[in-house]
Amino acid sequence: MASNNHSATEQNTKRHKVEGPKKHIVAFIFSILLTFIAFATVIGGEINKDFIYIILLGTAVLQVFVQMAFWMHMKDRGHRFALIGILTGVFVVFTCVIMAEYWVWW
Amino acid sequence: MSAHTHVEGQLPHEPEKATLEGRNKVLGFWLFLGGETVLFGTLFAAFLALRHQVLDGPTANHLFDLKLVAFATAILLTSSLTSVFAIQAMHQQKVKSLINWLIVTVLLGVGFLILEIYEFVHYVGEGHGFTTSAFSSSFYTLVGFHGAHVLFGIMWITLLIIQLKRKGLTVVTAPKVYVAGMYWHFIDVVWVFIFTVVYLMGKVV
Amino acid sequence: MMKRWQFVKRLAPLMAMMVLVLAACGREDLSTLNPQGPVAEEQFGLMKLAILIMGLVIVVVFAISFYVIIRFRRRPGDKTIPKQVEGSHKLEIIWTVIPIILLIILAVPTVQSVFNLAKDYRDDPDAVKVIVTSHQYWWEFEYPELGIKTAQELVIPTGKTISIEAKTADVLHSFWIPSLAGKIDTNPGGNVNFMYFSAPKEGVYLGKCAELCGPSHGLMDFKVKSVNPASFERWAAALQEPVALPSDPAIAAAFESKCLTCHAVGDMGGPAFPNLTGIGSRESVGGILVNVDADDKKYNHEDTVYNNLYKWIKDPGAVKPGNLMVDQYDLTDKEIEGIAKYLSELTLDYE
Amino acid sequence: MDWLTTVDHKKIGILYLIAGGFFFLVGGLEAILIRIQLWKPQGTFVSADTYNELLTMHGTTMIFLAAMPLIFALMNAVIPLQIGARDVAFPFLNSLGFWTFLFGGLLLNVSWIVGDVPDAGWTSYAPLAGTTYSGDHGVDYYVLGLQIAGIGTLVGGINFLVTIINMRAPGMTFMRMPMFTWSVFITSALILFAFPALTVGLAALMFDRLFDANFFDPSGGGNAVLWEHIFWIFGHPEVYILILPAFGIISEVISTFSRKRLFGYSSMVFATILIGFLGFMVWAHHMFTAGLGPVANALFSIATMLIAVPTGIKIFNWLFTMWGGSIKFTAANLFAVSFIPTFVMGGVTGVMLAAAPADFQYHDSYFVVAHFHYVIVGGLVLGLFSGLHYWWPKMFGRILNETLGKWTFWTFYIGFHLTFFVQHFLGLLGMPRRIWQYLDGLGFNEMNMISTVGALLMGVGTLMFLINIVVTSVKPKGVANDPWEDGRTLEWTIASPPPEYNFAQTPLVRGYDAYWKEKQDGHSGMTPAEPIGPIHMPSPSILPFFMGLGLFIAGFGFMYSPDWGQFLGLDLTVGHFIGIVGLGITLICMLLRSVIDDHGFHIEEEEILKDLGGKA
């Protein structure tokens, strides 16, 4: 149908080679590793509390990046609106969470 | 809209994006996940705001058994990986292996749910009921919403497996599988945050 | 053509009235446009600045609108195509920058004022501290330093800063004295709010509840009575003096068994509901039945203290629907009369 | 039956129009009753309880069941046509959105029949909305009704986002989209990101009420202010969800009837995006008096004021669209032109409210009531009236009677100003909002009386519009493709009303104001982008209706589960059982939808040619 011509920009025009499972396994190992780091920080304890929080959030955010990029194909082309959608959502979430932490029990 | 123009068996490399309907579905689902992000974000916000309000109930630190939860996390992460393999199989038109990977994914999901239910039952035994305190209400709501998503995902993928068996991989079923895969990753990502914010941070005193 | 004139005719009396109202600025004891204390004045100042800016904006927009509507109307049969303009960077920059400037003019005093009005006087030894607790349809005022509690009528010394700590015993309410200070919500749980205000002049100011709190939300009025500091001292002292029960033993028994289970007078009774000490000399009963001398009765809600008390005790639900006093007791007509009379004579002499 | 199963966006638009219009009358009737109660001091026309029910239901009905559906009506009727599409992206979901909205709205209004009506304000602040202080089922109706209607809205939002992104005709780039399409695009995005917050808020409140959770109940450690945050994180974007489509309508109408291109199109687009973005960062301006502290108050004051800038850009762009134009005052354009100064009056009071210290005085007074009715009635409702008069011929093939239209305008407009102008002063003079009675002698009497008279006049205006609809619908169909003769966008290139498939051939878009451009270049219509061929259409389906019905039943069951006894001696009550059955119906419909492939059907070439021939 002609009306989808323009959306050609939105899809992969180039046929890429069939991808192997390798990078996904690497992503998986990354995720497990990050989870383990977070886990170990908490179990290991005895470090400054704020520092632990930073490590925890850092590993979580990193892991999300890894998963979004590799498993959800976010880094591939044709995901412009998907990206905008998710990022806007994240922005709204960010304001919500700030609200929760700082203003509810001021 | 041009579903009928493709001949069966000659699926393009990314069958989920072969038709306008497929592309609509994928894009719509991405946007839906954007909305879901806000949904879970608000739940997180409520939980964060209320997490210290334990009244007479047990505290997070007292309650959580990190090893069990870490094990559940590993299961869910693995299921995310198997669902990626499923999508890869789909892109290679290997229907058989696609179905097998989906079955593994579902089984892992069921395993996760069983652990979660076990965990909840255990907590209730510890005096941490849904109505105990604001902390408990917001805990069960957040984690329970996630659990409900897992449950829905399991039912959905099971249904897709049946459909794949009956109808095979077509430009109609492909977008459904792809979208279900995205959904499953999203659940996984949310869990990463639940694990971090609820469980790990709950243990930091 | 006809219709447009009708429009003007209809609007003219309205405009005239607007002018009148503006000139009057409303009641001195109620209007935000007629501030009686420094806090309300500061707020009114900000309002005036804002109104000025907004007036300017409105004038400009209306002027352009009218000009355009009149100048560029299409004559019948006109088939010409006007020039198609894409836009004008110069103009667009103008109407981006000018509003920004106007907003800065408004924002700077706004921010100053935000911090100014957020000052905390709770530890200031010169300030009079009051803990305001709102209840479904009545107000409780506690003076922690003086160890006294009263209800419905906040008595304050003129000129002193009053430091308010506001909370609620049940649902959300909001504490508002329009002519003295803007409002602050009363929150449940740990979210205690604070604010301050002062009244340089003696007088009675009307206070309102400004957050929907149930059927009688609109009737949850209170009074702020500012008296000179000496009177204030006398009032505080008088409030602590012991109070005698009604002289008629039957009435006294009824009062003790039916009223004092909830209310307090002097050092008797329970604290859960409005403290009645000195109720006979308050401005109103229940916050809205205004007490006047028999000859001054002008409105429906005004009457003598006795009549008001009688009316209230007889059927509190008719005055404030849904309040918690409804159906809590059983009194004969005689007892009601006796109690109303007793309460109407329960006055504090301090002015 | 046809109407129950339709997935045609044009018909769904009409369904939205009927349902939204009905709820507007209901909400309007409630407003009139409110005004009658307030027309004199200490009125006793309705009881205190009833008054709170009226004001809650008025606000809730108007916002969720009247304004939003009427916006959806125009979105459905116009958007696919404006972008040159044959349909929306998800016709099935479109119909699902409508039916869930309708059943949610009906559930909410069943409360009037049952007699347990929500009465905690449209904002339902806890703890008043909790079971301790609202023991009857009133607030349950609010929670479940809005939850169900909200699902419909969310689904609609996603649908229009995808439609606009993926279904545009060839050549219609983003920067060639008509302004109405742009504003609906942003509105849909706001819906997508704002409604989930409401969903969570309502779910939490529902858990509090039905299952004794402790989110907002202070005695269980909950926090009442948390509800305020969640509600307004949704609530403020919601007001821009309401006004942006009106902005879009005004842009179209003004430009058409001035015979001029929209002035500053790209800055209009930019301003719309900016408003949507800023809309998420200002919610706490509804909570200045909640005690958030000076830092938060100052930040939110400034953020709120900033919105005046992009909005101002729009206002002046409209004025300069008219400048130098050739303005024709049809009824549609009367509404549109009067929108500009009227909305500005409401907008500037908004900026006044944004100054936190002054808001300590305005908050919860009639000044706020005046503000939001100026932006909503003087903005959104005028915009809707304008859009309805403008697109009526496209939707129904008949032009609304112009004389009656002008009468509608004048009565409604004058009534509007009478009602709400004085309310600014009532607020400043110390009259709080949401009050059942005010005392005599406070100086409120005259202005309240004027306000009531104005409301009645608005009622007359609304009746005129109803009469106009009746008068028009008995006339024969058959207006031209471009009845206003100055149409600029794609919807005016096809028949009124359009055939089921909209465009026989998808048009090729060569610029902004696609149709106008062709006309200026001397063409009579659009250049097609494809040959005539069979057109694939989705099949109608009854499933959405039953999915809505299932949710309706489920809502009922769960609501009354505490009241109804045990079910067969199980742990479940009869209510739970009914609730589960309701959800089951919905889930089974989803299952059916997933399993049964919808192959649709084709409209054959001959038929299309016949349609075209009939026109030529």
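First chain written, first letter: the chains are A, B, C and D, and each begins at residue 1.
Operating definition for what follows: contacts are C-beta pairs under 8 Å (C-beta built on N, C-alpha and C of every residue); 3 or more make two chains touch, one makes a residue touch a chain.
Predicted model only: the values in this text are computed from it and were never measured.
Asks: For the interfaces A-B and A-D, which has the higher count of C-beta pairs in contact?
Replies: Counting C-beta pairs in contact for A-B and A-D gives the edge to A-B.
Asks: Closest chain to the overall C-alpha centroid, by per-chain C-alpha centroid: which is it?
Replies: D
Asks: How many angstrom lie between the centres of chain B and chain C, each centre taken as the mean Cα position?
Replies: Comparing mean C-alpha positions, chain C is 52 Å from chain B.
Asks: For chain A versus chain B, what separation do you get between their C-alpha means, in angstrom?
Replies: Their C-alpha centroids are separated by 15 Å.
Asks: So, what's the distance in Å between the C-alpha centres of chain D and chain A?
Replies: Computed from C-alpha means, the inter-chain centre distance equals 34 Å.
Asks: Pull out every residue in chain D that's touching 2 or more other chains.
Replies: Where chain D meets two or more other chains at a single residue, that happens at 165-167, 192-194, 197, 222-223, 225-226, 229, 233, 291, 293.
Asks: Which positions in chain A are in touch with at least two other chains?
Replies: Residue numbers touching two or more other chains: 1, 3-4, 7, 10, 81, 85, 88-89, 92, 96, 99-100, 104-106.
Asks: Find every residue in chain B that makes contact with two or more other chains and list them.
Replies: Residues 1-2, 20, 23, 27, 31, 34-36, 38, 42, 45-46, 49 of chain B touch two or more partner chains.
Asks: Spell out the residues on chain D that touch chain B in their complex, using ranges where they run on.
Replies: Spelled out, the residues of chain D in touch with chain B are 89-90, 154, 158-159, 161-162, 165-167, 192-197, 199-201, 203-204, 207-208, 211-215, 217, 220-223, 226, 229-230, 233, 536, 591, 594-595, 597, 599.
Asks: Please name which positions on chain A make contact with chain B in the complex.
Replies: Touch residues, chain A against chain B: 1, 3-4, 7, 10-12, 15-16, 18-19, 21, 24-25, 27-28, 31-32, 35, 38-39, 41-43, 49, 52-53, 56-57, 59-60, 63-64, 67-68, 70-72, 78-79, 81-82, 85-86, 88-90, 92-94, 96-97, 99-101, 104-105.
Asks: Inside the complex, what are the residues of chain D that reach chain A?
Replies: 84-86, 165-173, 189, 192-194, 197, 223, 225-226, 229, 233, 280-281, 284, 291-293, 296, 506, 529-530
Asks: Once bound in the complex, which stretches of chain B touch chain D?
Replies: By the definition above, chain B touches chain D via 1-4, 20, 23-24, 27-28, 31-32, 34-36, 38-39, 42-43, 45-46, 49-50, 53-55, 130-131, 133-138, 141, 159, 163, 167, 172, 176.
Asks: Which stretch or stretches of chain A touch chain D in the complex?
Replies: Touch residues, chain A against chain D: 1-7, 10, 81, 85, 88-89, 91-92, 95-96, 99-100, 103-106.
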